[in-house]
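Two complexes, one shared chain (subunit A), two partners (subunit B, subunit C).
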Partner chain A sequence: MHIQNVVERVSIVMATTKSRTSSFSRNLTAVPSSTNPGLKYGPNGTIFMSSGIPDLDKILGGGFPLGSLVMVMEDAEAPHHMLLLRNFMSQGLVHNQPLLYASPSKDPKGFLGTLPSPGSAKDDKSRVRDPEQEKGLRIAWQYKKYFGEHQQSFDSNKDGKHEYCNDFDLRKPLERHFLNSHHIDCVSIQETQDLAALRNRCATFLTQFPRNDGNVSPAGRIAIQSFCSPQCEYSNMEWDMLSFIRSLRSMIRSSNAVVFLTFPPSILSPSFSRRWQHMADTLLSVRAIPDEDKELAKLLTGYQDMVGLLNVQKVARINTQVPVILEATTFSVKLRKRRFLVLECLNQAPIDGSSGSSYGTSATCSGTSKSGTLDF
Partner chain B sequence: MAESICRALRDGALEGEHAPALTINDCIASPFGFNVFTHVLTQLSSYILAGKSQSRGLVLVALSRSPSFYVDLLKQRGFDVASSQKWIQILDCYTDPLGWKDRLVESGNIAHLYHEASSGASLCKNVKDMDKLFSSIIELGKGLVGQGKVRFCVAIDLVSEIFRHASISSVAGLLSNLRSNDQVSSIFWLSHSDLHEERVTAVLGYISSMVASVEPFNQSANGQRCNRENLSLLERNYCKGKFHARFKRRNGRVRVMTEEFRIEQSVINFSPLSSEDEMINRSLLPKVQFSLQLSEKEQIDRAKVVLPFEHQGNGKPIEIYDGRRSLADSKNEAAPVAAGVLQTNENSSKGEIIYLRDSDDERPDSDEDPDDDLDI
Partner chain C sequence: MNQRPSNLLDEALGLVDDGSKAWPLSGRVVLVEDRVETSAAFVLHHLVKRALSPHSSNVVVFLALSQPFSHYDRLLRKLGCNLAAQSENNRFFFLDMLMSEFPDGDEGGLVALYGKIEKVVSSLLQENKKCITIVVDDLSLMEAAANGSSNYVLDFLHYCHTLTSAFGCTLVALNHEDIYLSMERPALILQLEYLADILIKAEPLATGLATDVHGQLTVLNRGMWDGHGSSRNRICNFHFRVKENGVEYFSPGSMA
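Entry: the complex of A and B
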């Protein structure tokens, strides 16, 4: 397990150092600036904002780019999108980034009480211990330089009080003083009959973060939960919802903010579900896994700890034509120590390739949802 | 497995959680959903009377059967009807759901109307108004258990009837408001899935925490042909079928269970599946094309392969390729090898250099330049 972690970290570190040594990329540091720890500069003039989940930031190459629309496809049978949403919102509050939260429940403020708090330093020790134990390994000389850098980045993370991405403890609620700030705006979308009011609300919120060539701070976050939830009155107006998303996307392009929107695709008709998926800059989907399934337990290692699956369908590429080709797109969602959200690559026994259909066309395991093909 | 459903409804909701909700789906091929509904109803009633459940009362919204039917049903199943008003209240949406009788009287067409004596039932005259329906249900429940922390269950006879009269979003709103109400312990409803669009079934699945479906054993493609095979199938499906349930568990996983059921005199009995019908959930995982394990045939084939350096020395001469083979040599080798060693020697002599001395007088290996003899 340790060796596996080590190998993963080496490959991740190698990937990040590759971009730095390339002669075509700007020689910008990957370490967040001390004045604005909530933002990180990446290649191609992109500025990243953390998702609140360290593993997800690594997978996406730094985080969510400012000006992008992140969409998460929910699974009707599992609430995993709430974990992603909570971490996203908490990260923003910890970094003092203003937040607009829209939810289909009658009392969205109640949800704020369930936001997690960053884990304390002593909880992080279990992760830090690994590099020390690595000294027992005999590492080939050409890789030693990567280890040295990896330890450096680790130390710099621990130094400042404000890290770019915190490890959130899902069992510890966020401290009151973060929630009492003036930066949080909550909207209930259950009663809204037309989306014009919500669109105006978003527009006024986004005027706080115009994108100029000047300095970047502040940055803002918009979190919309279960956008087409059936109890919302507008939920049968499919074209209206689509045009709302389109206008939201155009508004966000010219501001320094990120929109995080979750929706259950099983509630939408298939053609609209596809259209919504195309609207997203970054598209993730969460899926439930069956419980006590002996077949899956044989196929996957670590099945007992798994809570669900996360698929990365699309990664935002705003300032470049080069697509991201990830080595793995399916990750297992686990709760480390039942508190910290981690994403791991699936370790599975290889399946006989002759049985054919590729990942994109296979059906989901939930009987009721008909999400169709999920690849592009 | 039906027992675990009833137990889940009996145990109800934890503090701060939504109440567990069960959807019972059936279809024309296996129309036994109502039997399942009454089974759950009687089970829950016995739990309530025995004091084993979280709820102290049950509110039944009767849309497809009259309240007197339910009173008779309870009597048949051995419940004491006289004291039933203490623990069960029936909201009568069957007799006059749209308030036509009142309008008839008002319009003067009918002077006197016969009112059914309904014991323990209050009349609902407007099924279209979701808010009114919600408040009537809650009022009835409070009447049973009083104010405070005591809870009651809600059973909705036929949700499909409500969908006839109201929009999807308002019914979804009603159901989710019931679930999130503090005094509702659990809620269950019946739906005929072939009366609706797929979207409605998806919405019901989204809102509920348990989805149970009643299915026939073998779905025949063409239900109209009436030959011998189909008759026996139909006969089998006449009183038996498959009961399939999906539970959304608190840990975010989905528990899938299947049982067989049998109807005997309108009482349903559940038993474990006789035939093995295991679902393989491999479709969830990305298919890797590598197969690191060999099947038996492949192992045998691998053992048969003779490696190049192995098949020499079996009586044939060992040839070491030295890079100087000319075309002529390779042609000669195509000749039958039975000729043996001799032939190879002859072949190899083709490339020799033959040196003949000019004269024997010369001292051997003289260093003189032979041109020195010339007088120039």
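Entry: the complex of A and C
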């Protein structure tokens, strides 16, 4: 309580002495600090919030920037996007960041019971950071300098509450007191015919996190699951859905919040799928790995432990024109000890150079017929 | 005639360094196309910076549907262009259209927007401004704002085109080409490509992603005067690497 007052007073003082905005002044709206571990400074005046998956934060150069739209393209054959969604939601609740959750199910509240809890200290201490594995993680090259500063927040888990990014234990449900807070708003979008109501709900929610100078406010999270799912009544209204995403994107630009939206691209027409992909600041896609695929087993090392594949199609470029080029864009999704989500750079078994295409060549999501098993 | 272009893109566009010549893009329509894999936003930023160079008195009217002012301000500063200052000097007009909607049949929508732009242009012409560059970032968002009524968007662009032919304005528009690839008869992009005097297309490299080369640009310049009294179409292709303070352009296979 006392610490919070001090932080508030300090920011008010800084706000009044602050002159006209220059590109060198920091945005003090939501101050990342030891009392606010849920946020972290990034390059170009951005502030990150964690995805809830330590490896993903590293790959993306810190996390999800406030004011951005994250979209995940689902695979109709497997629910791996739910792993990303759950960790995103849990991370926000652990950090006391208000959450608005919209889902096509009739009772979205029920889903909250499946959210994971941060792993206990003894689990994390035993997590051996294999240096070989460490090298395998490809970090966006221009962010390496930032990674070094915050090394400690990625490693040892001193106290779950003070970590920027927790290592969530998928077998342990989130403690009830996190779910009983008044910070969670759930919406079912199954019966929604008119997206205007959902838009207003989001707009109202976002008024809690305005991006003004000198205003200390928490950050917020909006999680929207399977947005164009055929169960939803509006799912054949393509322009209306696009319009909704556009206004959500515009609203988020002036908020200290992140929207995390998943959708099955196969439901959309190709041109609309592309329109949605252009809307995203950070674009990910997940894909199931078929069981007992002998071809794939030959191609990939550690195939038996993989539950799916994650592809990073686009990384947010806020306040900059420089694209983020990752050394690798395809990662395997594994469960360490069957509990903790890890992403590993794909280790392709050596292939005959004259045949097959290198996995590095294609990060496209277009429906090309030439796609290999790893192109998606 | 020995011209010293700043880089391959400026050379392809006919933009000279000293600004003593008239703005060569006057009266021309520039269409910039890109894809999810390779963004061409940097081309818009470059054109804004060139238009606002201290040697000229050009004015930029920027229709922003994609990002807020803070985004462009911050990144243009690194390119050596202060948008906030230019705005105060009435050389940069920023229209924040992030939340704008142009629903069907609404006369107050795109028509009103055109009216606003036309007013700005007329008042600037009375002040004897040499050239006004209208930039649209981006057209696919304008279509979304019009809820799919591409006809309204096309009408709006045709109106803006009259400004280029009547008053020598420059119209620069960004659109995402890959959206239209699977459509049977995408009127918007077909008409735009027909209308455009200069077509700048950004694509990924055929060989895929690379850290040192971000993509390739193809510039089609229709009716470029070659200094001997005749005009011809000119097509250039080169690679680029985008940095915070500028963009490097180089011929395929040669790293600067």
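The rule is simple: the second predicted complex is superposed on the first by the 282 of 376 C-alpha atoms of A that agree within 3 Å, B and C clash if a C-alpha of one lies under 4 Å from a C-alpha of the other, contacts with A are read in each partner's own complex, and residues count from 1 in each chain.
The rule is simple: contacts are C-beta pairs under 8 Å (C-beta built on N, C-alpha and C of every residue); 3 or more make two chains touch, one makes a residue touch a chain.
Bear in mind that the values here come from a model prediction, so they are computed numbers and not experimental data.
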item: First, second, both or neither for A:Cys232, with subunit B first and subunit C second; value: first
item: Partner chain in contact with A:Ser247 - subunit B first, subunit C second, else both or neither; value: second
item: Which superposed partner A:Ser90 touches (first subunit B, second subunit C, both, neither); value: neither
item: Partner, of subunit C and subunit B, that touches more residues belonging to subunit A; value: B
item: Touching partner for A:Thr329 - first (subunit B), second (subunit C), both, neither; value: both
item: First (subunit B), second (subunit C), both or neither touched by A:Thr262; value: neither
item: Partner chain in contact with A:Val307 - subunit B first, subunit C second, else both or neither; value: first
item: Subunit C-contacting residues of subunit A that also contact subunit B; value: 269, 329, 358, 362-366
item: Touching residues (chain side subunit B, partner subunit A) in the complex; value: 167-170, 172-173, 176-177, 180, 198-199, 201-203, 205-207, 211, 246-249, 251-256, 278, 280-293
item: Footprint of subunit A on subunit C - complex, ascending; value: 36-39, 41-42, 45, 67-68, 70-71, 73-75, 77-78, 98-99, 101, 140-141, 144-145, 147-148, 176, 178-183, 204, 207-211, 214, 242-244
item: Contact set on subunit A toward subunit B in their complex; value: 76-80, 105, 190, 229-236, 264, 266-267, 269, 287-293, 295-296, 299-300, 307-309, 328-330, 346, 348-353, 355-359, 362-370
item: Sites on subunit A touched by subunit C in the complex; value: 23, 44-45, 141, 238-240, 242-243, 246-247, 250-251, 253-254, 269-271, 274-275, 277-278, 283, 313-314, 317-323, 325, 327, 329, 358, 360-366
